[in-house]
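Across the two complexes that follow, chain A remains constant while its partner is chain B and subsequently chain C.
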Partner chain A sequence: MRIAALCGMGFGTSMMLKLAVEDVLAAEGIKGEVLSWDVGSFRSQQVDVVVASSDMRRQLEGAEVPVALIDSVVNKDEIREKVLAAIREHQAEGG
Partner chain B sequence: MTEPLLAFLNARTIRAQVQAADWRAAIARAGDLLVEDSAVEPRYIEAMQATVEEHGAYVVIAPGIALPHARPEDGVIRPALSLVTLAEPVAFGHADNDPVDVVLAFGAVDKAAHVRALQELARLLGDDDAVAGIRAARTDEELLDAIHGTSADSRSAGNESTDNDDSPDGLGR
Partner chain C sequence: MEIIFFIIELLQLPAIILGLIALAGLLLLRKPANQVVTGTFKTVLGMLIIGVGIGAIIDALIPIQNMFEAGIPVGPEGAGLETFVTFDEAVVGAVQDANVAGVGGIIAYTLLFGFLFHLVLARITPFRYVYLTGHMIWIHAGAFAILFHSFDIPDVAAVAAASIATGAYFTLAPALAQPVMRKITGNDEIAFGHGQTLLNMLGAGVGKLIGNPEKTTEEIEVKEGWNFFRDIAISTSIVMLAVAAFAAVLAVIQVGIGGFQEEISNGQNWLVFALLRGVGFVAGMLVLLYGVRMLIAEIVPAFKGIAEKVIPGAKPALDVPVIFPFAPNALLIGLIVGVIAQIVAMVALGLIGWPVPLPSMIVAFFASGAGAIFGNATGGRRGAVAGGFLWGFVGWFMISFAFKFQVFGDLTEMGAAGLAFTVPDAIVPGILIWLVARLFGIA
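Entry: the complex of A and B
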């Protein structure tokens, strides 16, 4: 499982998302790699699930993989819920 | 080991209840603290503003909380973080999380070095009580207490803040 955490520059917000998603994976016993990128570099990457700030909705329209859009990067409950939903969606697609 | 947040957020890098007319001014006020602390070059402030123009308001990472930043090569001298609370909230243009009244300006030198600070920051900002305390703080001293917890012995040095109270409503306690 490869998960991309995205923000405009790949530095601040995406790094906070990456840390939070890693916590979710560890707590749920899911094996996976979380990478933080800026939204431009991400286009050329192969990933299974995308996690990003909800403000990046437009940039991620038409994404080919499940996307978790997070309103509050510091809300662990919201992140867990949305990331797990996206992972389930990915698994349902037979990924 | 020193807590990164305790090291970064001190009397020089926080201000309570500052005046800012709009999001640009809010970023500038938070950025000014980093410039005065010789942590970033003045051009870093423009770079943070340009980031919002270019990529949108995703820097509003939680309801009412913005974390503006730019790239290391935009003028970061050393890793740094500042925090201002706004007397009047301003809109950043975020669909869900506006208006903003807590602004943290953040400068990184590379991806790895600031991870621990971001973890600490996520923990602080994920703590509703701590955030309520940050918002409620009327003075810089109250703000430092809210950031670092109320236990006096956990406070870092440099608490003897000078009379930097330039906020018009600096009424004290």
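Entry: the complex of A and C
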């Protein structure tokens, strides 16, 4: 499982999201790698799930993988819920 | 003996010092051995990649400046138009990479001790914030380290003074912004951790005077078409192509196509030469940002892990995009008026003969956009316009001032030719400290 956490520059907000998603994976016992990346070039990366702040909605329209859009990057419950939903969606697609 | 010389010289390399800081953090977090090794290596590589990006940026900027110099005839006082690029990561990266007189090591130690001092302050003062924006931690440590290093004081004193300034900044700036952050986010969970604080607060202050927070930007329709400007690579390419083409046309008017290709472009077609420099800048910028990402990817988790142990329950001060979802319209308004403000300020600075910062889409989007969100929180639509405009306009004068008077020392000599700091949280305290140092005759 490869998950990309995104933001505009690829190292601020996405870094915080990456750390939160890593906590979720560890707690749920899911094996995976999380990268922080910039929204402009993440398509060059092979990933299974994308996590981003919800203001990126428009840039992520038409993404080929499940997307978790987070309203509050400090809300651990929201992140867990949306990321797990996106992971389930990915698994349902046979990934 | 040879091995000792090897180790001593190795330990003076900024990349190695930063790698050791990451190593210590990874060990402290009890990461598995393979992650410790790869994390340390990636930090070192990140610093070296930054150096590669800097090289490409400077290779693009020097010809652009040459074109402006050729294009704008020397005035009566002998001063032509001086242009430069305002880009914090590039300044710190270039200075650390060149490592003139060991300043790169001073930056690395300030990064470590400044953050540790910040944790002490956050622990013992009522300001329980933890500043977690990795590139801003590096930039402010860099700015204050460069500032104190430029004074006539010993290196140890420079590290100590810079660490105190950096730690105080990390602690006080989030506290200063928090009243407005509560208005923006509607709660008290997130703090603001970005070097824009002072100019954003100016926007919020002016917004309060002239506007009404009830008339929020978020009730109006903003054309979504502007959204494509949010892709920094594309919007910066467009702007830098325009800047380079403009400079080339000015130069051709003065020296002619023949003169241009003889003196400036070494035989290459003048317009091709100019356009390549424009996109070359962006290519360098992207490499630089990739390096920054690798550099801080290991240090931030370590700092976060330590902070959680030392100050449980502290509010995280986070990078500026955390406020974007709360006011996307204000963000776009800020981007548009921010570009206008930069151009107005450039013309004004050119007219008074001060150095002119070239337009920056990173600043227009991330800074003027945030200034507009702060202004909207206190003064609605008028506040948003004022916040976005003031950031660009006042910011450009402030940036030009610091460049003109070499507040941070001779950056050209330190390896950052044609580059300057952007963030007011480093420049404003920098100017104040510099004035005091001049008073004591050490600057």
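Just so it is clear, the second predicted complex is superposed on the first by the 95 of 95 C-alpha atoms of A that agree within 3 Å, B and C clash if a C-alpha of one lies under 4 Å from a C-alpha of the other, contacts with A are read in each partner's own complex, and residues count from 1 in each chain.
By our rule, contacts are C-beta pairs under 8 Å (C-beta built on N, C-alpha and C of every residue); 3 or more make two chains touch, one makes a residue touch a chain.
Every value quoted in this text rests on a predicted model; they were computed, and no experiment measured them.
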item	value
Clash or fit (per the criteria above) of chain B with chain C on chain A	clash
Touching partner for A:S41 - first (chain B), second (chain C), both, neither	second
First (chain B), second (chain C), both or neither touched by A:M9	both
Chain B versus chain C as contact partner of A:A85, first or second or both or neither	neither
Partner chain in contact with A:V73 - chain B first, chain C second, else both or neither	both
First, second, both or neither for A:L19, with chain B first and chain C second	both
Which of chain B and chain C A:A27 touches, first, second, both or neither	neither
Segment of chain C intruding into chain B (one of 182-190, 218-226, 236-244 or 272-280)	182-190
Overlap of chain C and chain B interfaces on chain A (superposed complexes)	7-13, 15-16, 19, 36, 39, 53-55, 71-75
Residues of chain A that touch chain C when the two form their complex	7-13, 15-16, 19, 36, 38-41, 53-55, 58-59, 71-75
Chain A partner contacts - residues on chain B that touch it in the complex	51, 54-63, 65, 67, 69-71, 94-97, 106, 108, 111, 114-115, 118-119, 121-122, 125-126
Residues of chain A touching chain B in the complex	7-13, 15-16, 19-20, 36, 39, 52-57, 71-76
Of all residues in chain C, those that touch chain A in their complex	132-135, 185, 189-190, 224, 227, 230-234, 286, 289, 292-293, 296-297, 300-301, 304, 316, 318-322, 324-325, 328, 331, 365-366
